[in-house]
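Each chain gets a letter, A, B, C and D, in the order it is written, and its residues are counted from 1.
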Amino acid sequence: MTDTPLTIGVLGYRFMGKAHANALARLPMFFPDAPAVERHTIVGRDEEALADAADRFGFTHTTTDWADAIDAVDVFYNLGPNHVHAEPSIAALEAGVPVLCEKPLAPTLNEAGAMRDAAAAADVPACCAFNYRFVPAIRHARTLIADGELGEIRQVRGRYLQDWLVDPEAPWAWRMDADLAGSGALGDLGAHTIDLADFLVGDAVGGIERVSGHLETFVDERPVLDDDGEVEGYRDVTVDDAYTAQVAYESGAMGCFEASRFATGHKNDHTIEVHGSEGSLRFSLERLNELEVLRAGNRGYETVLITDASDPYVDRWWPPGHVIGWEHTFVHENYEFLRSVSTGNVPDVLSPFENGYEVQCVLDAIKRSDERGKWIAP
Amino acid sequence: MTDTPLTIGVLGYRFMGKAHANALARLPMFFPDAPAVERHTIVGRDEEALADAADRFGFTHTTTDWADAIDAVDVFYNLGPNHVHAEPSIAALEAGVPVLCEKPLAPTLNEAGAMRDAAAAADVPACCAFNYRFVPAIRHARTLIADGELGEIRQVRGRYLQDWLVDPEAPWAWRMDADLAGSGALGDLGAHTIDLADFLVGDAVGGIERVSGHLETFVDERPVLDDDGEVEGYRDVTVDDAYTAQVAYESGAMGCFEASRFATGHKNDHTIEVHGSEGSLRFSLERLNELEVLRAGNRGYETVLITDASDPYVDRWWPPGHVIGWEHTFVHENYEFLRSVSTGNVPDVLSPFENGYEVQCVLDAIKRSDERGKWIAP
Amino acid sequence: MTDTPLTIGVLGYRFMGKAHANALARLPMFFPDAPAVERHTIVGRDEEALADAADRFGFTHTTTDWADAIDAVDVFYNLGPNHVHAEPSIAALEAGVPVLCEKPLAPTLNEAGAMRDAAAAADVPACCAFNYRFVPAIRHARTLIADGELGEIRQVRGRYLQDWLVDPEAPWAWRMDADLAGSGALGDLGAHTIDLADFLVGDAVGGIERVSGHLETFVDERPVLDDDGEVEGYRDVTVDDAYTAQVAYESGAMGCFEASRFATGHKNDHTIEVHGSEGSLRFSLERLNELEVLRAGNRGYETVLITDASDPYVDRWWPPGHVIGWEHTFVHENYEFLRSVSTGNVPDVLSPFENGYEVQCVLDAIKRSDERGKWIAP
Amino acid sequence: MTDTPLTIGVLGYRFMGKAHANALARLPMFFPDAPAVERHTIVGRDEEALADAADRFGFTHTTTDWADAIDAVDVFYNLGPNHVHAEPSIAALEAGVPVLCEKPLAPTLNEAGAMRDAAAAADVPACCAFNYRFVPAIRHARTLIADGELGEIRQVRGRYLQDWLVDPEAPWAWRMDADLAGSGALGDLGAHTIDLADFLVGDAVGGIERVSGHLETFVDERPVLDDDGEVEGYRDVTVDDAYTAQVAYESGAMGCFEASRFATGHKNDHTIEVHGSEGSLRFSLERLNELEVLRAGNRGYETVLITDASDPYVDRWWPPGHVIGWEHTFVHENYEFLRSVSTGNVPDVLSPFENGYEVQCVLDAIKRSDERGKWIAP
């Protein structure tokens, strides 16, 4: 698409760093129409770990100063913990560098608002990385709903269940701290659900009129481990372990959402269900190649493998029935984002900061509703 | 057990009348230790329909006056619409006649309270007919939870999905009228869910501390049909088509409940899910012979067919794998209730009016919470 | 339908005796158009057990001589072990008494042939009790195939898995003896599968051209228990514990069948799958209210709950989603058989002895094929 | 592991070419302990297509002469149609170049035998690319069986269902020609099943004593399309569209296998089921992250997501519940094969040509059994 590769700088080299590095590496073979990229600079605090990550992830430079990275690259990926989302992302945008920032947009609504404003003032794409929008089955589901196959949407249900904290001795981590993460299951998992529900049915049901939230912390403190893995003390858990929410949409539709890090036996079970006057659908992330659809004229759900060449993105990969994995969503996301950088057009499968901010408003309203014990408008 | 059969009088000869008449008829062959019964009197308003029902259901007498029935029989079954639950049930109890009353206990909390008081004053069993307690898989699940197999209970999820009102031209019926039914999906379906959740985890999580409710009516009026099935006018729907609720338990556990008559494609899908610190379980009424269980040491849910001779009630029926149906729950329920009449002991698988009243309190709190837009203690 | 009830005599009072007695008892309430019946005589060898069974099953007479029963009744049910199928059934038919005989028709092809001949010579219905034909989902599936919804049928797959013999110390029983039972898993379970496959696709694929069979006995002898449940010796197992079979149909379609009493974890898992040029379907007995169907225009299987009023037999029972059980197949079977006795017309949902004999031919061919190590025409 | 990368030459640049090129490209990031490789030469007949493939797949050289490639590279991958498996693979081995050859090993038993002999005479690894051995769930299943968790293995069931030929107008391709492909569904799909069954239970049940086979061709000729996609004629289909097979193992265990390209609605449904005296398991390729396991003490199958860090290969990828796809099996396979090239040790997860030949013997026996109408020893 372009002769000079786009240079990419990424802040963060753990889970999300690996997921995006892999995505970038896979584009040329499967999405040759994506802009060429160079994995350029990787940003972090620990020089040794950085050097190792750069080597594994194929980056040519490292720095401990994100400002340097922003100076050096064409595109900035913010893949760090939530509390470092705002400042570097805003700086990048002010420098005219496009930004892809992991979700949730920020730990606080204020920071998210500042990020949205920076994006509005910038002339480059700034997107929030809600990768589940890029599951072929989800895009197919969205099309079905947009085409009216489900009729008038009446009910939406979403839940995201994990169990990695069910052991009370599972160690403390930044994701359990309100200052670093903003919230717990709500922001980490609920952000995905709120975004996905909006992505699927937002156009049909209008905005969220009001929400009722419920947050609980089941285990109040957790061990902090030293470098040898020994417990060196205990630290408070200041975020939610689980949340539930009820939602009233402008159209009169109802929503019911939930996430947990204590759902014993569930590893990464993100489920979305939609009921309309003509049909219903169900999706579950642990079986992400499948979509269950009930359309007018059907009596039961049809379990469809979304792996045909005509399904979104699938022609780039393998023949029907040769299933893809979780990581492929990042390849699709990077493809769409990098193309938007290249063309200047942000397709609606991407989530601009504006949209990431709206998700944050809902998360914030859920939290405030819990604190006040009443329904809140986001 | 006794030489003289207990004479049974039933008010109502439609769906529930058929279900209980069938149950009574099946007891001798499968539960020979149940008290002998005589299907004696059937009560209703339409003499012709009554005569026909008596003939089909094997009753020897009919009357249009429930007071006559109460005079004539040993046991009174109140299977009529919700608005006729209170008065005849109370009259029976005052006459010393044991009562089995269909759920929900009453359309209003006041009436439910009066029924509870009448039961407390009476010296005979008075039970609310929550038949799903008598599913073998549910009783097995309850034992697992009571035995601590799931550890500390953290989350409960229940939903009851039907779709018989999704067509806006589906005709008006008494179940859509606030005066006759009390509430809609909430009272009809939610009563089952609230009771079942309490039956399963109530001892583990304590009482319900507070609830947040949301009720919606998607279709405001429905056609009234004349005897020829022609539309003769429209009548308002004054109850909810769907509800959702969040629940905070005394123990800190969380609940999330929902029911709908608009869930396209779902016929009678009553699902209960429980997560504890050591395990999880799932049950779905449309596959009522199965229980999905995850216990300590397991990585995934085990799909267990609850049809072994050692499972509750199963030795009375068929060999392993020879599945039973929905109606069998009524046989088990009648067995337990009639034995309690005979022995004077009400086992805790039955739901006394006291308990039915508590369910009603929760339903009422959900409704008031919806009206006030805030959390309410039941 | 008739003023004088048909008197019924049954040979056998164990599992099948209970299933049919229950079915007879349930007809008046749910199938009022069935002929009235009187549970008249029950035949067996042990007078005490007989008296007890008669009491539980609602029969008014007992006898240890089946000939007496045949003299005394209008209709004869042969529900005894396979080795007593032929003689009493033939005697009944020679006496002009209609016969319903449990499957498989007989332990040997010779006896089955004699039964078929007796039926041909008689002027009354003589049917083999393949109860799974009367599952609503199966009848619905048959209609779909007959209507061409699946196109040209290419492949049929059937398997019937149980595990009650997996323990090598499970006690010896008549079902493990070649003289008493004829064969093992093949005759007991395979008979159902062969019949059901023929019922579903026989018209579409023509007869079976040839079969290849494989029988294995995994445990050669089993303990015989005395009255106190102590092992008093060991007796040879002279039948198969499991079989597999390949089938070539006249149309060129292929079949693949299997049964086992050693399939650990499977209780009563009878599964049938059919692939045609336009669609496919799957049925599993442990979820007998469901049918999975893929029709032209669909991409995946639709999981349909066959519980609508428009589904076969369902209007007699409960509203949509209120599932029925295994025993209901016997009610439907008795309804159809008794009506055929009353009207003289045998509808094709029933399996006349002629058909039971053809099933026996296939079972016999599978066994001979195994012995000879080559394909055999039945 | 080594400073100088291994140069890789691949014959074939279509489906399998893409799958292996992708695998090679992904090794450095996820399997840094794999030998470094250089995607060196790609071999094919059409120079334009070759240049394009080299560009997309990251190869630096192309040639239309496989002999040149063998001269030029350290490792040879034979990913071409079956009829070009033998000669180049043998030439490579004779030149001391390790070979990874796609399955089935060869279209004829003779050629497979020659390949086996060449491998035996060579001092370098020569493996057949049965990629499903490298599914984490399959390796986990193998360990369970090897550890005796399922007890004595009694029954094995395998089927591989696709539907890409169900349309009689689907165009002719080399896979439908006996000379080019050897066989149809049998060799293409059945090879996988036979190998996987042997991989899982071979040690437990011993060799295959005898087989009974059944092959059918449902559509005898298919359209040949010209470059514009217009039908320019019809060509005979000379291979099977579907096969079934029965297997008797030396231990007395039974097998039942099947594949089809006409199983409407099934895209890539490779299912393996095993029953032992202590437990059972099930695997299905379309849900390749899951394994259903029933172990001693369990009543039902446990649906386990094989995505924990302790599961085979999973620690290289993503956290629990973040599922992988079909293509990952190729990464694992390439990792194991290239390490064996580097170390000289061939671990038993790989299938040496010797083993590929044995699979071929079984396929050949199935075919001959079908021709002769009797059981055959392979």
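Assume contacts are C-beta pairs under 8 Å (C-beta built on N, C-alpha and C of every residue); 3 or more make two chains touch, one makes a residue touch a chain.
Just so it is clear, the structure is predicted and the values come from calculations on it, not from any experiment.
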Farthest chain (mean CA position) relative to chain B: D
Homomeric contact chain A-chain C: same or different residue positions, threshold half: same
Approximate Å spacing (C-alpha centroids) for the pair chain A, chain D: 36
Rounded Å distance, chain A centre to chain C centre (Cα mean): 55
Between chain C and chain D, centroid-to-centroid distance (C-alpha), Å: 42
In chain B, residues with contacts to at least two other chains: 266, 294, 298-301, 305
Residue ranges of chain B touching chain C (in the complex, touch as defined): 15, 18-19, 21-22, 25-26, 28-30, 32, 56-58, 162, 164, 266-269, 285-289, 305, 307, 317-328
Complex contact set, residues of chain B against chain A: 150-151, 154-155, 157, 161, 166, 168, 210, 212, 214, 216, 218, 242, 244-246, 248, 252, 254, 256, 258, 260, 262-266, 275-280, 294, 298-301, 373-375
Chain A contact footprint on chain C (complex, rising order): 294, 298-305, 308
